[in-house]
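Every chain is named by a letter (A, B, C and D) in the order it is written, and numbering of its residues begins at 1.
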Amino acid sequence: MDLGILEAAARACLDDATYDYVAGGAGDEITATENVTAWRSMRLRPHVLHDVSAVSTATTVLGCPVSSPVLVAPTAMHGLFCPDGELATARAAVGHGTVLALSTVASTALEEIASAVPDVLRWMQLYVQKDHRISQALCARAQAAGYGAIVLTVDSPVLSKRVRNERNAFNVPPGMRLPNLVPLDHDGSDLDLYSLVGAYEPALTFDDIAMVREWAGGLPIVVKGVLRGDDAARCVDAGASAIVVSNHGGRQLDTVVATAHALTDVVAGVDGRCEVYVDGGIRTGADVLKALALGARAVLVGRSVVWGLAIDGEAGARAVLDELAADLARAMAFCGVTSPTAIPRDLVAL
Amino acid sequence: MDLGILEAAARACLDDATYDYVAGGAGDEITATENVTAWRSMRLRPHVLHDVSAVSTATTVLGCPVSSPVLVAPTAMHGLFCPDGELATARAAVGHGTVLALSTVASTALEEIASAVPDVLRWMQLYVQKDHRISQALCARAQAAGYGAIVLTVDSPVLSKRVRNERNAFNVPPGMRLPNLVPLDHDGSDLDLYSLVGAYEPALTFDDIAMVREWAGGLPIVVKGVLRGDDAARCVDAGASAIVVSNHGGRQLDTVVATAHALTDVVAGVDGRCEVYVDGGIRTGADVLKALALGARAVLVGRSVVWGLAIDGEAGARAVLDELAADLARAMAFCGVTSPTAIPRDLVAL
Amino acid sequence: MDLGILEAAARACLDDATYDYVAGGAGDEITATENVTAWRSMRLRPHVLHDVSAVSTATTVLGCPVSSPVLVAPTAMHGLFCPDGELATARAAVGHGTVLALSTVASTALEEIASAVPDVLRWMQLYVQKDHRISQALCARAQAAGYGAIVLTVDSPVLSKRVRNERNAFNVPPGMRLPNLVPLDHDGSDLDLYSLVGAYEPALTFDDIAMVREWAGGLPIVVKGVLRGDDAARCVDAGASAIVVSNHGGRQLDTVVATAHALTDVVAGVDGRCEVYVDGGIRTGADVLKALALGARAVLVGRSVVWGLAIDGEAGARAVLDELAADLARAMAFCGVTSPTAIPRDLVAL
Amino acid sequence: MDLGILEAAARACLDDATYDYVAGGAGDEITATENVTAWRSMRLRPHVLHDVSAVSTATTVLGCPVSSPVLVAPTAMHGLFCPDGELATARAAVGHGTVLALSTVASTALEEIASAVPDVLRWMQLYVQKDHRISQALCARAQAAGYGAIVLTVDSPVLSKRVRNERNAFNVPPGMRLPNLVPLDHDGSDLDLYSLVGAYEPALTFDDIAMVREWAGGLPIVVKGVLRGDDAARCVDAGASAIVVSNHGGRQLDTVVATAHALTDVVAGVDGRCEVYVDGGIRTGADVLKALALGARAVLVGRSVVWGLAIDGEAGARAVLDELAADLARAMAFCGVTSPTAIPRDLVAL
């Protein structure tokens, strides 16, 4: 799995509209692009002459041991990319030894993941619906099925404008089920992505973090979609157990700040009171290392895992995770650091 | 109406010289281009977990309620773009619920707008002529016809150098009338744009703001074309009721500062004593939001409205205004703000 | 004369090696290019509502009235570009009302200029030769022929590396005479540019400014090729009457600072004790205006005048000067200034 | 030898995989590219009117006189580029009058260099092997053979990821010997570059500088691969006699800081306690001059020397060194400096 040509290789396996659905961002895709270039334009200042004979990428997230700080970001409808859908992704996560954050918009029921891949470290991503009963039920299901956290997405109060999808008239393919999002008594007719997303709650506030936690029986709440330190502090005040610095892969509002550039502010806002993760534009081990140096506990990877699925299902997704962790280990060795939890801040040039 | 391809779609409806007349700027068009890129290169820092179930773009300008802070900038000769000319634009402004700033160089008489579209919120743009009597008469006509303000353009003391127009030998088309600019007793011969523009007063000073206000019977004077805080302060001292930060769409002097970059200085110079608007390069809702965050009360949109007219007359112009306001509402929701009058400054990264 | 396509138009009139000789710079031409882009990337902050009914570009240099602050830079061998050579340039300078700085490497004798175009405001450019007697004689000739100043070039102690010339094997064409540089008793054989340039004095120091002034019977010495404030101060201490901020059009050492970027430091170093001029990359009136705002008394234009000569001899050179001054007048009016001697510093954004 | 087309000329002499092996860097080659552009984007502020009739590039390194501050960097397997391999390089170094740093991965035995080219100023580059006895023996051999210093490479604890080599399946060509790296009792089978590099010691620390010095009988240790001032200071504390600011030509970890940007920090960290050299991206005399101005005693040149070897063996390598020194002398003259040891810091713009 050559990460340098990963996206191109996946593109060759997908129809254009599906490829565009994954690759695209909001508006002119300025933020989607800058998410990548922001990490690349940061410079490392490696330490030499440190003993790096025993580099390990192992760490913990929310107290849970993982083999590397590379987590699987929640992304929709893996059934678009391989026959086994999220089951393949779950098995890849087990193989690599990391967390799968399952999307509300997954094409596989959260219970099926839990029963078929019981060893997977699993978190459940949540879009709160206007009809709170649906979301409350989902949280209860997740708790019952052994999910270890709720990843509460807070950057999606309204529909975004994704030009590629509009031009391609992209929608949920006929026959695709979204069993975590659509009521079990759905009549089986085709699903409309925009209606579904349009049903998300636009009135969510910091106070609702406690509400969601209650729905989930006290599971930790990971708040995803924060780009400011002041907001992050309020999340922690309101009971968040972790923050994901994210702009939804540049897919919600174009020209928002790149996650690499927002990370430092959020880390300062949180001030050590909870873990901070980051997603968006992570493509190499050096990118991961920079995120760790700037204060992230771990990163989430979305598109790259999907490209792996599209190329070779479980094996492809696994290879992406393994390669990225190996690239991180290499970058750590070159920088004289041996653990994700001991990365000096000044490894990244100001 | 896909704003992302608006200009291209309009270009397909226009002859090259007319397209160039609208699209072009002065000199090498460095400022015309930077007007656009300056907004794009500013980064938003969105707030999350604010209740955005009730976003409204409604606001007021000079105390007059409008449905959005997107006003129609004065631009010349709408008869070039659709048969109904400025009547179509006026109806689009009514439909959207905003202000039309009618150009002195309009192809429709100001009185015809007022009588045919009486509901339009209308301001009259003014170039002061060397022969002050012409301008004085125009102000009196505007006041009599229910115009609510005079938009005094102050960035046009001499003819600019527009390379595209020179190469295309662009001029007022035969038969085109400019009934606000040319005396009613004009002999009907073809009009020469350069002679008309060359008749503008080059000796205008801050003191003349009061003169124009007197001509207009005390109507508010909106001074358009200011790029510096010190000048803006002097305008307010001299009686201006509002300032438009503008470089005339990059059409007067190339390499002047982009309006996005001048806005903060002007807002500081005005120091809350009057409203500040801005035009130039506004293409998306995020652009509008950034202008508001930096202290603008509203924006004016010129070229985009013209492109709408060229594509589909009144309906096209209306669609442009509606889409831009909808895009603003979306950007506001993504940023956790619900009113144009309550946008925190730090929504835009320094 | 469309300045926007001036170089392209001239190129069509010249053989490639001659075009390259003029257009090219040292090394990778980074400085030659940046000379142009540096002016373009500076932003103007125009003043409005100043009376600009009487803009004049007239000023003085070394006390001598000129119609505009656009002087003719010394450039070599005008005989390459039109049959009349520097006679055409001198007539263009008279026509425009400015100073001609005649090159030591001119293809016309300084006395011939003086006798054929007696009205021309003329300065004599000097490369000091290793054999000082040659230079001393040239200064005496210049003084005798009514030249008003010596422009002492100080940036040429050794041969530069000009890649285009090397690849083109460019040299002085057979039959071309250089009557100010080559002894009158030269045997008529072909001249070698590199031998001639290689004979320049590499041991010139600040003390030699006084020596040259003595050679020239007390004529003012304009020191050309200074890029630092400390050097400029030493020049003034040593008797210089003016400084030209110049990097020889980017033709001596690549990656030296662009003149637009060096100007402020030199102006500060001189601290008002003498006039400062600047050359390099000046292509538009806005460029000239920026130079004046930053403290230059005037600018020198080299390549553009040569392109004018190549296109249409005297008339072409004259048109270039006239167009540039007209463009300056237009830029001044748009910025609310009426005289080259009263340009506020803050017209250029920091 | 036209340095401006050096790489292109060499490419024409090499098969693609060999060319890529030399030209390529790690990852996306961002650092490899920036090594070059960083020097180019620094601006020189030349002094004028200094006597430059006697410019000399001569200097000393570790007390040893050299004709210029351009040293030959250690690079692998010169047998790939010309039949005589490092013998040609050594002769070129003698011809130019500079130091050859012989690579551990040379295709010529260090003793053969010493006996065949006894006049060459020679340093021995060292990768410490996991099996320290190999490295200890190599140091003893180097000392016995008259090498004047050990260049201890400290930036290679693990294998780097070089995309070009992977795609080309590049390896040591059959028949190529690496007599300084591979035990003398090697069975003659083909060598595997990755196994060899994988045997480097990953546990090297600052304390090992003293160990290596002991192995080498007290020879000075030049620590190569430092990019930080704090690390450099620790090297000096640990007994280093000089530091080479290097990122291994951008070949180890992509997106590490360019050497031009790291130099100032290292010079400050060393604080005059030992000499500092720099390599990476040096292509012109101006690049060398900038390095000297920023505090480097000398530069090392790797790829350019290899290109010279590929084009014309010893003569080619010699021409590269001579041209670069001549270009340095020219740049010095244009900047008013006459010795590599007296370059003012402010010759480079901040």
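The working rule: a contact is a pair of C-beta atoms (placed from the backbone, for glycine too) under 8 Å apart; a residue touches a chain by one contact, two chains touch by 3 or more.
All figures in this text were calculated on a predicted structure; none of them were measured in a lab.
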item	value
Interface sides of chain B and chain C: same vs different residues, half threshold	different
Between chain A and its twin chain D, rotation from the CA superposition, multiple of 5 degrees	90
Inter-centroid spacing, chain C versus chain B (mean Cα positions, whole Å)	43
Centroid distance [mean C-alpha coordinates] between chain C and chain A, Å	61
Numbers and ranges of chain C residues touching at least 2 other chains	none
Touching chain combinations (by label order)	A-B, A-D, B-C, C-D
Contact footprint of chain C on chain D as seen in their complex	2, 4, 40, 42-53, 284, 286, 327, 330-331, 333-335, 349
Chain D partner contacts - residues on chain C that touch it in the complex	27-28, 30, 154-155, 157-161, 163, 166, 202-206, 208-209, 225-228, 231, 234-235, 252-258, 261-262
